[in-house]
Amino acid sequence: MDRETAHEIKCDRFIQCMRMIDEQLDETSKSVDMESVKKIIEYIVDSNRIFIMGAGRSGLVGKGFAMRLMHMGFDVYVIGETTTPAVKSDDLVIAISGSGETTSITNLGKVSKNEIGAKLIAVTSNPDSTLGKMADVKLTVGGRATSQEEDYLERHMRGDYKSMAPMGTMFELLSIIVLDAIIAELIAITGASEEDLRSRHATLE
Amino acid sequence: MDRETAHEIKCDRFIQCMRMIDEQLDETSKSVDMESVKKIIEYIVDSNRIFIMGAGRSGLVGKGFAMRLMHMGFDVYVIGETTTPAVKSDDLVIAISGSGETTSITNLGKVSKNEIGAKLIAVTSNPDSTLGKMADVKLTVGGRATSQEEDYLERHMRGDYKSMAPMGTMFELLSIIVLDAIIAELIAITGASEEDLRSRHATLE
Amino acid sequence: MDRETAHEIKCDRFIQCMRMIDEQLDETSKSVDMESVKKIIEYIVDSNRIFIMGAGRSGLVGKGFAMRLMHMGFDVYVIGETTTPAVKSDDLVIAISGSGETTSITNLGKVSKNEIGAKLIAVTSNPDSTLGKMADVKLTVGGRATSQEEDYLERHMRGDYKSMAPMGTMFELLSIIVLDAIIAELIAITGASEEDLRSRHATLE
Amino acid sequence: MDRETAHEIKCDRFIQCMRMIDEQLDETSKSVDMESVKKIIEYIVDSNRIFIMGAGRSGLVGKGFAMRLMHMGFDVYVIGETTTPAVKSDDLVIAISGSGETTSITNLGKVSKNEIGAKLIAVTSNPDSTLGKMADVKLTVGGRATSQEEDYLERHMRGDYKSMAPMGTMFELLSIIVLDAIIAELIAITGASEEDLRSRHATLE
């Protein structure tokens, strides 16, 4: 692309996209199932060790959540990292997958549940997926929102929703926010101070 | 923590936190500097190769952005990954750091700018930081919001803002959203379809 | 363990282990199938793009090889890293697995071969494994050596070979060395100088 | 490169390289300082938690060592991974760097030693380097070998040693082997069985 074209950038889509995410977040705040949130918090607090898994951008969402759990003092690991040990029957596995059908994640979910007997939480936009169905607790994020999104699109953007939040973007953004809100609740429950968290933050980075 | 206590979880903080993020996002939508956004889009479109860097959760924000740039067909690398090559003078480096003072990132920023002569973009909440000062373009995210946050805190939460969004959480969340909105604008500019993006999405994961 | 005990460390096993690896390497130098080595070099030189995969320590072996291929200027990616794109039919996939039965790797191998139609090289100690059988070329490393190892064990160590090189250690060590020797041959063939390699070595690390 | 040329691959360099590594390993077996090996084993056994760091291929060497320490039941972390906590004064840091001058590693080494007060082990081919000088214990690998290598080169290969083991290859290979021999000694000291190790091996990969 030449400079001249670049100078004409109007950022209409940037602004529309920010607005759409804002509306979606507003919707999610109202629609998220509080019973699932409570159960997840119970499972985390009661767990021996916590293992997080996800592929692609959902994997990054999981790592961000794992980092905060570590800061809080939980014994937490990311599947696939160097010193992650074997999952045992009294451990908790949290799987993040928008579609709930990512092969590697559903395979690992099956091993966790059926062979090892660990507890399994699914964070997904598709509760009726393979992953959703096998989970002990499922947190649906951005699921109901889908029709909302389509709706919003109809009203405001004439068919270009997908080009603004391609391939699961909305699920990923909303998941991060919901998981950070779960951290806020965990901080309140455990009485951890910012000081406590900071003391566990990596000093070498 | 015993089960009984866990059963009393009321999720007040969860709800407050969701609401606070929602308000912050609303504020950011209005306050983000569109000239910086435009320049970043120009730099990306004009770049030879793009290198992304960040530490901790800011590093995860960077990886999520890098993945989408790859899906769009850009030649993009994450600093520190296995097959990331040497940065050259005609490359673009994008550094993400809330404080703008993370030692490893400011060190690498100096090498990029001063020794290699590459272009440097800083995404930060602190434009007057070491990183912010040396960047060719800086995108301030959540900076103005800080006083806003304190304000919100005063009004609604009696001193517990920090326990709801500890250590840069708000910067990280807002950065991801702003960078995904930049992707939306890039998709509009380049005319990439969801199909184009999907064709580059990792098939083995 | 208390200091007193520690002071009695005699390093007998350290020395025996060094010697055993030395003998195994000597054996491997003689037994490695040169036809497979040649075919692998041909496949690499003829490839469009190269994708490397492996789990656990075999994954690290793969990453070390990928890094050197990148230094030589090949278009190479590690499966699972942030900006690794979709594998296409004209790409080459190199899978590393001692047992040849690691679930994630054999699954990805099947997708590469059967669904995508890419070429597949297996580096394994078990050529009759699921992975070995589906590969276009297989390089057997430490396979023949196994009986050798048992032999050596009988003669010198009375049953404790396994405690010196547990769970695939010997396969991993020999694989790294064989793959670095393949790099040496590739350097000779392409005429790359140390200078060429150094110019692509990560400047930001 | 066209197929015809490829068919003429003779693998002379492959064979020479295997032989050179074999000779180097033989030399290292004889020259490694056993007092340093003993001290490292003591430090590991006496440590609270162990943190491993290295850049590039030396980082991969470190990760392979960390994985085995985890299998043995040690509380071990890799610097830079998601859930790696803050280093404290009673922790042990093991740094791997051939040159002993990799900026990020020497910087982190300084923080570990001077600011945190943790113990520091350096695995390096350059004991007089910045990293080597600040370490509590240094293990020199492939250092003496350098002149040996040059020697071997003179005798057998007329000036092309570097093209067979570019940029620290020999240090990396010898480090992995020495560290795996340290694992063998640790297994003997602690009486860990293959069964013990296997029980901690990642079940989800």
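Worth pointing out:
Note that the chains are named A, B, C and D in the order they appear, and that numbering of residues resets to 1 at the start of each chain.
Simple rule for what comes next: a residue touches a chain if its C-beta (ideal position, glycine included) is under 8 Å from a C-beta of that chain, and two chains touch if they have at least 3 such contacts.
Predicted, not measured: the structure shown is a model, and the values here were computed from it.
Under the touch definition stated at the top, subunit B and subunit C share these contacting partners: A, D. The chain pair A-D and the chain pair C-D differ in C-beta contact count, and the higher one is C-D. Each chain gets one centre point, the mean of its Cα atoms, and the points for subunit A and subunit D are 36 Å apart. Measuring from the averaged C-alpha position of subunit C to that of subunit D gives a distance of 17 Å.
Counting partner chains per residue, subunit B shows two or more touched chains at residues 63, 67, 80, 104, 201-202, 205. Interface of subunit D with subunit C (complex): residues 1, 3, 5-7, 9, 11-19, 21-22, 25-26, 28-29, 32, 34, 37-38, 41-42, 45-46, 55-57, 60, 63-64, 67-68, 71, 102, 104, 160, 162-167, 169, 172-173, 176-178, 180-185, 187-190, 192-194, 197-198, 201-202, 205. Those residues of subunit B whose C-beta lies close enough to touch subunit C in the complex are 51, 53, 63, 66-67, 69-70, 76-87, 93, 108, 111-112, 115-116, 199-205. Contact residues of subunit D toward subunit B in the complex are 80, 103-104, 107.
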